[in-house]
Amino acid sequence: MMITPDIQVALSLLIPLIGAVGMALCYAAPNLRETVTLVTAGALFVNTVTLLQVVLAGGAPEYSLISNLPGLEIAFKIEPLGMIFAMVASTLWIVNSVYSIGYMRGNREPKQTRFYICFAIAISAAMGIAFAENLLTLFIFYEVLSLSTYPLVTHKGNDAALKGGRIYLGILLGTSIGFFLPAIIWTWALTGTTDFTQGGILLGHAGPVVTGILLFLFMYGIGKAALMPIHRWLPSAMVAPTPVSALLHAVAVVKAGVFSVLKVVIYIFGLDILSGNFATEMLTWIAAFTLIAASTVALTKDNLKARLAYSTISQLAYIVLAASLVTPMAMAGGAMQIVMHAFGKITLFFVAGAIYTATKKTEISDMRGLGRQMPFTFIAFLIGSLSIIGIPPLGGSWAKFYIMLGAVEADQLFVLAVLLISSLLNIAYLMPIVIRGFFYPPLGKSDPEVSVGHERSMITRANIKEAPLLCVAPPLFTAFGCIVLFFFIDPIYQLLLPILMP
Amino acid sequence: MIEGLNPGLILILGALLVPFTSGFIRNIYVLALPIIGLYYTWSLGLGSFGHVEILGHTLILTKIDALARVFGTIFHIAAFAGLLYGLHVKDPQQHVATLIYAGAAIAAVFSGDLVSLFSYWELTAISSAFLIFASRNERAFNAGMRYLIIQVTSGVLLLAGIALYVAQSGNMDVAPMELGSAASWLFLIAFGIKTAFPLLHNWVQDAYPQATVSGTVILSAFTTKLAVYALARFFAGEDILLWIGAIMVIFPVFHATLENDLRRTVAYSMNSQQGFMVIGVGIGTELALNGVAAHATVSILYTCLLFMATGAVLYRAGTAKITDLGAVYKSMPLTAMFAVIGSLVIMAFPLTAAFASKSLILSAALDGKMVILWLAMLFGAVAVIDNVGLKIPLFGFFKPGEDMGLQEAPKHMLLAMGVLSVLAIGIGIFPSAFFQILPYPIEYHVYTASHVVTQLQLIIFAALVFVCCVKFNMYPKPQDTLTLDFDWFYRKPLKKFAINLGLLINAGYLGFLRMSQAVIGWFITKARETHGGQGLLSRTAASGVAVSIVMLLFGVTLLLVY
Amino acid sequence: MNALFSQAPILAIVIPLMGAPISALFRGAVLPWAIATMLSAASFWFSIDLLVHVNTVGPISYELGGWEPPWGIEYVVDPLSAFVMMVISGISTGVLLYARESILKEVSTDRLGMFFAAYLLALAGMMGITITGDAFNIFVFLEITSLSSYVLISMGERTDRRALFAAFQYLVMGTIGATFILIGVGLLYAMTGTLNIADIASKFDAIAHTTPVRAAVGFLIVGVAIKLAMFPFHIWLPNGYTYAPSIITAFFAGTATKVSVYLMIRFIYTMFGEDFSFGEIPLTSMLMTLGVIAFLSMSVVAIFQDNLKRLLAYSSVAQLGYMTVGIALASEMGLIASITHVFNHAIVKTGLFLTVGAIFYMVGSTYIKDLAGIGQRMPITSFAFVLGGLGLIGVPLTPGFVSKWYLVQAALERGDMVGYGLTIAMLISSLFAVIYVWRVVEVMYFRPAPEGAECKEAPLSMMIPCWIFVIAIFYFGIETSVNIGFAEAAASFLMGGAK
Amino acid sequence: MSENMKKTYWLDKAENKKKIFIGLIIAAILVALPDFLSLLGILYETHPYTKVEEIPAFYGIYAALGLLVVISVAGFIGRFLTVKEDYYD
């Protein structure tokens, strides 16, 4: 059988599932199981990269799975935005798998097989979301993703984990069924289709009021985008082991949310119908509020993962903000932010996990001086933080720049101020961790008295006690990725160009 | 070399190898980098290199013109001297930060497009902050965070300006702009923060004294001068700068007079000196811009020299407060000598570099018939004689009193100071050689009799009054105090406001959370009461009850149907 | 074969009816079961035949004993009745396939002959209700079904004595219902002089305004509503379902109430006619109110249940609310939704009760707290339950989604606030469904099993039918042409034919 | 070190300070002198760009006044703005 790009689309979903079966079969032999995980991740990556070639060449492979109701089918079609999301997910899955091995073994976590299987299913769902051709398909995989990550969130199995998991699932399912699904049905009732179409499908079918209500149904229905006040699930999900948090906050779940937001705005509404709508402007304000408020909350959190969770909420709001600006440049910025934040935040979570693995510390106030013990980890954290803040030469700065360009295009200059304040808040909650890590004595110890001008770095080879290599290499890799992405932004831009300038 | 490689990258990339070296090799290595960079800069010549197509725009990685080359050259020299001065430091983090910082400043100067400029602009902010944090104490940490936040504010404002500018003009070239559009104002504020415009200036005096001994030297050389360069690049001849500059010259001198901390005193007067350059940019004539370039160069020389000398005292004595110091010159005569040289230069004493450079700007002002500005600058010149030229040596080094029993500064520090002194005096003696590298061709005679006489009048009369004031106890007595400045507003009331606002929002949010929890809880309780266990709707009704319900509803149905 | 087929309508009824006494004669564990299964399968086979025939050729009228209607009893096979018959006999067959091991544990061996006899009688009764075109005949078959149901439910007394009470309550309520129907039919007979439904229908409009007819309508609707377990007449259902033997619960969940829904549609659309039902009397608002309360309130009740079977029973009441609303919407789309939901809910709920039966078989309890950690102990069964639960919630790719999709569409079709309100109510109810299913799933998978509890999977003979249902759930959720196709045919027949 | 302690420096002596003071006054007179001489056309000519520069010893006077202004203004604002060293801590 010839493997055509169309088949490869189906393979993208299938490969992780096959891998999951493989992992289930190898549950008794951890080494074999992990090999299966890595091979699967590698295969998926290769598959996605070949698809990328096709898309770059202007192709749009598609695959129709099921057509069960008139006008409703489960079908996949690749467009640039989805390609980017798929690339991010499949690339980071490899890294995350490597890291998971280090973390899960380093912490002797139970039920590792279930962990890897659910992980693979979640990735498969993410692929489904990325390549979905219509809203229904997107919705189905969106729900699969929620469900398949629940066992990951509650991995620890204690009461706190179950409670967190319940909030996680409750909000995600509640919003998706309560808002997202009605919005889909309504869209379908209005237009008779839910296909993602360049330029949107609602134009001419919905008046400004209906458009506004629909917009809000979508934005709050896609709970994974964590727009306030339905963001609570994200901090709740922090009870999960760190690789899960990394997956949730960088690769699959939240990115699926904001990706859906962009997709809905671009392909369902279309930029024309939204620009100038009062609801769109309100969304801008809500996103701006979320952006700042979440950063402010992050400042008050002492638990590292909680702080990162709120940081994620804030960073996701960038994308919703970009979407609400409804200009091509803002869309480009939003798409870039998906990629950049993925790399930046996964680095930070990897680091949080590496610190936990090496020292069992979770509170930031306990992490003083750890940079001396784990310099590589903290350098990765520094780079990740700077990318989140948006400092060049790190990828995050492009996203911000393009959102700013979008804001200028949309004539919403207050957004510039919002971004400025947010950058400062980002500094305030991220940088002290690095600085205190490097320049302060560890907790309970004090540095030898040195007179002014005789500063010493205190990083000596004897002092270094890093987490296992498999926990340290992935964050370094993703941190390096943040740098590389700054210089290789052009391919992403070129990929996006067709949807920006139709 | 790679085609189009920005000279600054030599230092930046070179910095990454520093942690893998140690001892003597590290010393040689870090000193070699600026030398290589300088050589490379000059070997490139003038022109633009490294055009890259990206995101539909053309980026020019390296663009060297005469103005940029002056700044690039002095930055390399300052980096070399600063590194030499800091050789004793056993903290590779500081070396790395220094090299990246210097490299970024150099690279920013040679950037041909706005994106590169912004990138390096931010890089200087981040890397330099580490020189403050490296002091490793709580005050330094806080000052560093404030510094970082202010610097990044500048960066983000610049980015916002670029976004606006690109949206309007569609290109990303570094080119002069007219003040008027929102973009240009954002540029101006971004540059203004780093130039330390009045009311945007506090980060200088806040952060520099908290940095490490060598860190302060490095810090003083780059950020503010890079900003002056940017101003000259974009806003040459912009009138508003004249007045900003004038205020800037006068504004900090009073604080400089009152300050107890030697390094903070230098920081204030450096701020005042920045005003000269801002005025020069505002005048915008060829002579003025030459003056800006020249004075920036000279300013780096003497500021570094003064920070080095005061730093050496701090290094040996552990303090740089006038009230804590005694007769330093007795045990550190060479350092004291360099401090005097630095003071002479800042006073623009004949035969020192500033004598040549300051007069360029003054002359440009007079050429433009800007008498008030000229008087303001003259006032600044007088003030600097007071608060650095005389105060630093007399109060810091030549106080009467017992020998403090200090050791002379280490050799590499003396060497670094020596290098700068030689340059400062060399330029003073042979100004025309120095004028060769200035951006515009120049025909200017520094040493006219009247110039020398008037300058000497200025200095000696000022000195006389100073001595009189000290003698008759009219001079504000140095006290172990702090003088409040504009930063009070954001360090006290604004901070309080922000904290209270945060608490308020937090309380509001908690209230919202509690309320929604209560509402949901109420629903759940009600539902449980009516629907749960033995609730009305889930109770197992007796058959009789069931039949009654049936009858009742049947009655209702009949009524409705009928 | 053709000769045989011409008698298919009667055969589909007679086979189980005649099989009942035969089955009663036998003793032992296997034979009665085998007979019942084979007969049920035969009935199923004829039903499919009928369904295909009706949809390709047209409705069949079969005159019992050669008397022409309206004097003789007529069996009418139209798209709706054929469809419901197919559902009933199919469910019955599937349940019987599963029954052998399960029933041994719940009913003593010496009663098995009686048990399967009663089972076949119930099946025959339900098939009869569906197929007959004679109003009095409906009552007769209804009584057959009811009486056998009481027996079947009371058989659960071996595990829980409360089954007797449940059966008694069902008896009281069921009898009232049946009596109401009888009175209604009697009144109509008095006014029209005929018992043939088609005949009544043709004369109905002329006498629609008379008091006795109005009373008849009231009796009939309330009577059917009781049998349908429409809120608030559902009181008999949770107990009945909870204490009956597992397979009976599964069987009734898939059939008994569905037949009542059929009757409701039949009375409203065929006998009274659409214009009268929704124009003359406020049936829409009555049924819709009760339906909405049913699916909202009963879903909430389900959330608070601690017995899994009871939880599913309340969920059934809620789901019947959807079907009622579908009828009440008085549109073709609503009718499609209602009819297709009859089918969809039948397979989903039967499948769920079968998996619950399997769990009960192994664990000996259906209390949710006793199911902790069952996901690890009985992974295959538990997974079947999860998939069935997804169907119950109405996740896309399951039939539940399809019927809800149509129902929402029907509601939106109204284009007024009631329609939007209905949509919102349905979505809220779906959320409740998520909660009550998830509660179980969480206990099953994420609570540690009690110490020392060791459990294996249920026997294959139970697992396979369970999974047949699960696969059917997804098959009909994805390949919707069967259920939707037949439902559409039935709906358009009713809407067009009743005029 | 101990050697340094005993050593007396030139600056330590009070009469030397006086010498410096007197030296300064002499220097001031010397540098002001050319301006006055130029009024008489002796020695050299000034090249005033501005009116104020025509005042004899303008730079000296301006410097003296300017310094006084700096010192008095600083002394004045110092009264309001001086706080303890650990004010912000």
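Letters A, B, C and D mark the chains as written, and numbering starts fresh at 1 in each.
The rule is short, and it goes like this: a residue touches a chain if its C-beta (ideal position, glycine included) is under 8 Å from a C-beta of that chain, and two chains touch if they have at least 3 such contacts.
In this text the structure is predicted, and so the values were computed from the model without any measurement.
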| item | value |
| --- | --- |
| Core chain by centroid distance, with centroids computed from Cα atoms only | A |
| Interface with more contacting C-beta pairs, comparing A-B to A-C | A-B |
| Euclidean distance of C-alpha centroids - chain A vs chain B, Å | 36 |
| Chain centre separation (chain A, chain C; CA means) in Å | 46 |
| Where chain A and chain D are represented by their mean Cα positions, the distance between them in whole Å | 66 |
| Mean-CA-position distance for chain C and chain B (Å) | 80 |
| All chain pairs that touch each other | A-B, A-C, B-C, B-D |
| Residue ranges of chain B touching chain A (in the complex, touch as defined) | 53-56, 88-94, 115, 118-120, 122-123, 125-126, 133-136, 141, 144-145, 148-149, 152-153, 155-157, 159-160, 162-164, 166-167, 182, 212-214, 311, 314-315, 318, 502, 505-506, 509, 512 |
| Interface residues, chain A side, partner chain C - complex | 66, 68-69, 72, 74, 136, 139-140, 143, 151, 154, 157, 162, 165-166, 169, 173-174, 177-178, 181-182, 185-186, 189 |
| Interfacial residue positions of chain C with respect to chain A in the complex | 395-397, 402, 405, 408-409, 412, 423-424, 427-428, 430-431, 434, 438, 442, 445-446, 448, 477-480, 484 |
| Chain D residues within the chain B interface of the complex | 1, 4-5, 7, 9, 11-12, 20-21, 24-25, 27-28, 31-32, 34-35, 44-47, 49-50, 52, 57-64, 66-71, 73-75, 77-78, 81-85, 87-89 |
| Footprint of chain D on chain B - complex, ascending | 138-139, 253-255, 257-258, 260, 327, 329-331, 366, 371, 374-375, 378-379, 382-383, 385-387, 398, 400, 402-403, 405, 448-450, 453-467, 469, 471, 474-476, 479-485, 491 |
